[in-house]
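Two complexes come next, and they have one chain in common, chain A, joined by chain B in the first and chain C in the second.
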Partner chain A sequence: MNDLTLIRKNLFRKKLRAILLTLSILIAFLIFGVLGAFHTVWTSGSEVAADNRLVTVNKINFTVSMPYAYWGRVQAVEGVEAAGHASWFGGYYQDPTQQVQTFAISPEAYLATYPELVFPEGQREAFIENRTCLAVGTDLASFFGWEAGDRIPLLSNIWQKTDGTSSWEFDICAIFDGREENMPANYAMFHYDYYNEALAFNQDQIGWIVTTTTDPSLNDQVAREIDAMFANSPAETETSTEAAFNEAFVNQFGNIALILLFVVGSAFTTILIIVGFTMVTAINERTGEIAVMKTLGFPAPRIFRMVLSESVLLSVIGGLLGLGLATLMINAIATVAAAFLPGLAMPLDVFVAGVIIAVILGLVTGLVPAINAQRVRIVTALGKQ
Partner chain B sequence: MFKQIGAVTMMNLRSIPQRAGLSIATIISIALVTGVLLGFLAMSNGFRATLQGTGSESVAVMLRGGSQAELNSGLSSDDVRLIEDAAPGIARDAGGRPLVSGELYVIVDGIKRSSQTEANLPLRGVGERALDVREGFRIVEGRMFEPGTNELVVGAAVLREFQGFDLGETIRLGTNEWVVVGIFSTGGSVFESEIWADLAVIQNLYNRGTGVQSIRARLTSPGALEDLQAWEEDEPRLNLDIENETEFFADQAGGTAVLIEYIGWPLAIIMAIGALAGAWNTMYSSVDTRMREIATLRAIGFSGFAASVGTMVESLVLAAIGGLVGAVAVYLLFNGVSASTLGSGFTQVVFSFAVTGGSIVAGMVMAVVIGFFGGLVPAIRSAYVPLLTVHRSE
Partner chain C sequence: MEPVASLYELKDLSKSYTRGKESIAIFEHLTMSIPQGDFIAIMGPSGSGKTTLLNLLGGIDRPSSGAVECEGVRVDKLSEGKLAKWRSENVGFIFQFYNLMPTLTAAQNVELPLLLTKLSGKQRKERVKTALDIVGLADRAGHRPRQLSGGQQQRVAIARAIVADPKVLLCDEPTGDLDRASADEILETLQLLNKDLGKTIVMVTHDPSAAKYAQRELHLDKGRFVEKELNPEPAQ
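Entry: the complex of A and B
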């Protein structure tokens, strides 16, 4: 009989207790895993951001437009590799509750700033050439069941055409996707010209400009130059990196990270206390046995190691089960909610962090009982009976 | 019978200190679960209370058909005039002029104190009629803006959550400097999350000509809304969505408040399962350490039922203490704490966490349910302790 067998037998000597402890540990790691995955997808905007991509918006607020002519001037700034512009369409399909994220863009220039968008053979060219084309992200296309070749109307809850309606007809001629799993493809894009020529108001205005620099080290310089160009004009601009812009937007919803920290912290505090006290009780019950082991010649460090291994084993079993269950849950949610939460998956770093926390939890909860066990004095312990 | 139950229960409760460690573990774990639930409910209730406390049943809000939010809407000055001149059911002042307020709703950046990042704040362009279609508006500091000038008044909630809007500060919008000349309160409603300035000046700044985005009108009575809606239906020159203001804001409360609850409840329930396992474990140990004691009681004639009631009551008491600790802690830490989030108007809504009586009841019920199921199996077990355990040496 080696130590591992002893540890295993000890852990499951009271089956119900072991199961209950495993269950409460499992729950904490389930919460950690699921919330960790959501947090990652929530903040992915700043992670998938290219390090040389800048966003220029109206200084008053990003919902305020700027003149079309700005686009041409930004393109001429030194250090700019490519610059495209986009405008928020406020689109919906059939019913106002079925919102569709849609942007009116400068097709070729805008796509040049997003090299990570991949199109099937020939569709990128088809989109650039065809004025009425709507390029649809795969997640969005599968949500509405759209395919290349479909002709659909999209309505805008903001813009009106000169004919008084708010409906634009589009031919879906391209379905695009992100090059990597976590890049969102839940939106659609179309030609700015096709939209602008029909506008009843706000013609020749654009929403924002996306720029890539020839080198990330030029970001600050290019941003400063762009903003200086439009200083003291009726539409001053504010240029920031894509990552900073996305982060600010996510922060608008509130301090989500702090809330998650509270919840995960509560869950871990709970198991730390439950498992900690239970382990102390469990080892106390075994005082006599440990004394016998010592009498048989088990050295104190070996007993210390065995008790510690027992609590680490318990918490790693619970942790792995919890993280495994979290992965299954996240995969299930991801298939249902692809259109709203694109790129939802169990991130490897969350899983690894979970395993590390499980080991630490095991060490912390096992430390006091292990010290107690190591200190058991044969005379007093056996004298107890 | 009742004497037995009473005696056993008291024995259980008095012996809790002997099992202090595990009992405290149970109390804390249940307190944390209750705390998480109440925290989410306080957020949801606070947000809902702010939006539902906004608006009046006798004010009609008119937006362009299908626009869904003030931000998206756009109406012409002709629309305003037509409503002022011809719409039925609209109240008039002593001079016979209709109480109709055309308003602009645009967004400016504010720096959120908590994250130091830019966030969307609503800048509302209002005319002289704005106060006739709102209740409870008062200037708490400074004065109202002068029409035709670059002056602003700022809602009290904006001041709380965003920096740079103190009285006397200047703000740059476009090429103009604006001065904050007053702080206003509307009694905790969502208008306090707004900045107000003169309509004509904002129209000019945002190149809106004479257009507005929303029209508010005071109705002669809440029932007059239907007359107004019927009139609009038959008026070919208008395409409006008309709602009373209470409904308008209640609709906006829905999404976010429900979302917060949909996150809070499942989280709390999953955590509750973990706490239940903990409580079960504690009660199991409690019965375990008292095996001989219970067997002795049974031997001298106490019923198994009394023994199990004692165990169950112990579990319920621990759970109730936990629930109470959680509720008190959340109340002390979070009640009234100010926060802001992006509302459905695409602008920040400032609200205060509200720990309500109803949510405390919900939290206590959950705590007691955890205690009940945690104590159930151990309680049954204590009814069936074999009498021979008396002789078993520990």
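Entry: the complex of A and C
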């Protein structure tokens, strides 16, 4: 027997209470872990953004298109290394529930702005040369079981062809991946010309322009020059760095970080009150036993540590169970939604932060009961028996 | 015959408490000596200060004035930390309601004071076994308090009190919650600890037949010892 035995036995002396407390802590950390993992994957766009990459969109909104001619003019701006354009196709495969993130792009120019996209030998060239080719990210390909050589139809619920249909036939001739693990590969790209020439409306319009500058220090200058070029036109532009664009894209769904903070903060505050109050009650119930321990010679600081450790142990057990369950849930979600949430996993920093929060939670909830236990007066406590 | 060395010296001991603005004296100017190996029964009416005196001897309360000396150590002057250490090394406590930890087994309850020593796990186990053997409860080592009778629980409490080999056992109504047969067993055990192991025992009791097991009876009333009796032939 040692102090840990005493701590453990005291913690689980009322099993139902211990289980309910652990469960409540578990739920708080489950929420923290799951939201933390989603937050990481949602905001990973700004992490993989290149320093010298700019995105130009319509000033009204990035969903509003701009004239195709803008692309040519942007390429001519001083300091621009490469510029490509892309348009949102949306699209789905066979059923509207099977959404496929698909972009119509200027193949060669667009790929020049994304040198981190990796293709198997010959497939990059095959994509550029073949007008009906669909380049598919590895996550998307593995989700649908597509391989190079497959011919598939993709339907759009936005765009219509002049023949009245919304279906485009594609030959998958390239499967690409990101150079780094955290780069998304859950989308597909195809030739803008193949898309544009069949459109029933909105022809010769593009969604956005991606530009790389010759030096990141030129970013502001190039952005200002691009936007100045189209000022006072029917389609004014707004140019920002890719990181800022990605962040703005995520924030259109709301301030994720603030929501996360609010939800997790509420959960932890509730747990703090519940666990803190229960610990105070639990220690009050044991005043007599604490007095006996002090009578036997257990010094007050040791009793303080034992009560505090009890609270920390409870919090860490609940926290680890919650984070473990969150990891299992995230892994399960990542398996079924790999194509839509690439890179979804329990980030190590979220897990470590969770463990640290669990320790802090335990210290905070245990502080008052530990002080109370330390201050127990033997004569008074034994006299109440 | 060699003079018996004194274990405790109480000098001009006073204890009072305040109720509102009023100071109420429990006892005043109490002076006494407790020799090593003594077995004293302190008797007296409720409120006479028996338990308070026991608390002062055990260093869990402090006098209002005067001195409590144990083998030359001014117990009343020790800091809280030193007092806790002194208690763990010198005093074994036995309470009326046993005060065992309900979550621990009999053996673990007995082992509790040994957590304050530097003994190894193996040494602690041996000590616990010996202590439980002395009180005749070795076969109940794995039982929790609620699985034991009142008498058995008190014997576990005695084992816990002696396991660290203290000089003195302070017993506060150790048979107050027991039937006569169990009480006699407990008192016989205390007598054995006094006679065979040389433990000094100070026992507070209301029960005259319990007091008969002691070598001496001291009657505390209205703050002073009014009567001292010797039990030349303590009960067997």
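We adopt the following convention: the second predicted complex is superposed on the first by the 324 of 385 C-alpha atoms of A that agree within 3 Å, B and C clash if a C-alpha of one lies under 4 Å from a C-alpha of the other, contacts with A are read in each partner's own complex, and residues count from 1 in each chain.
As a working rule, a contact is a pair of C-beta atoms (placed from the backbone, for glycine too) under 8 Å apart; a residue touches a chain by one contact, two chains touch by 3 or more.
Computed from a predicted model, the values in this text were never measured in an experiment.
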Partner chain in contact with A:Val359 - chain B first, chain C second, else both or neither: neither
Partner chain in contact with A:Asn10 - chain B first, chain C second, else both or neither: second
Contacts of A:Pro299 with chain B and chain C, given as first, second, both or neither: second
Chain A residues touched - chain C or chain B, whichever exceeds: B
Contacts of A:Leu20 with chain B and chain C, given as first, second, both or neither: first
Touching partner for A:Val379 - first (chain B), second (chain C), both, neither: second
Touched partner set for A:Asn2, first chain B, second chain C, both or neither: second
First, second, both or neither for A:Glu289, with chain B first and chain C second: second
Chain B and chain C contact sites that coincide on chain A, given as residue numbers: 385
Touch list for chain C against partner chain A, complex: 55, 58, 60-61, 80-81, 84-89, 93, 95, 97, 99, 101-104, 108, 111-113, 115-116, 124, 160
Complex interface listing, chain A residues touching chain C: 1-3, 5-6, 9-10, 13, 288-289, 292-301, 378-379, 382, 385
Residues of chain A that touch chain B when the two form their complex: 16-17, 20-21, 23-24, 26-28, 30-31, 59-61, 63-64, 90, 96, 155, 157-158, 160, 166, 201, 232-236, 247-248, 251-255, 262-263, 266-267, 269-271, 273-274, 276-278, 280-281, 385
Chain A-touching residues of chain B, taken from the complex the two chains share: 21-22, 24-26, 28-29, 32-33, 35-36, 39, 66-69, 71-72, 74, 106-109, 112, 114-115, 117-120, 173-175, 206, 211, 267, 270-271, 273-275, 277-278, 280-281, 284-285, 339-342, 346, 348, 393
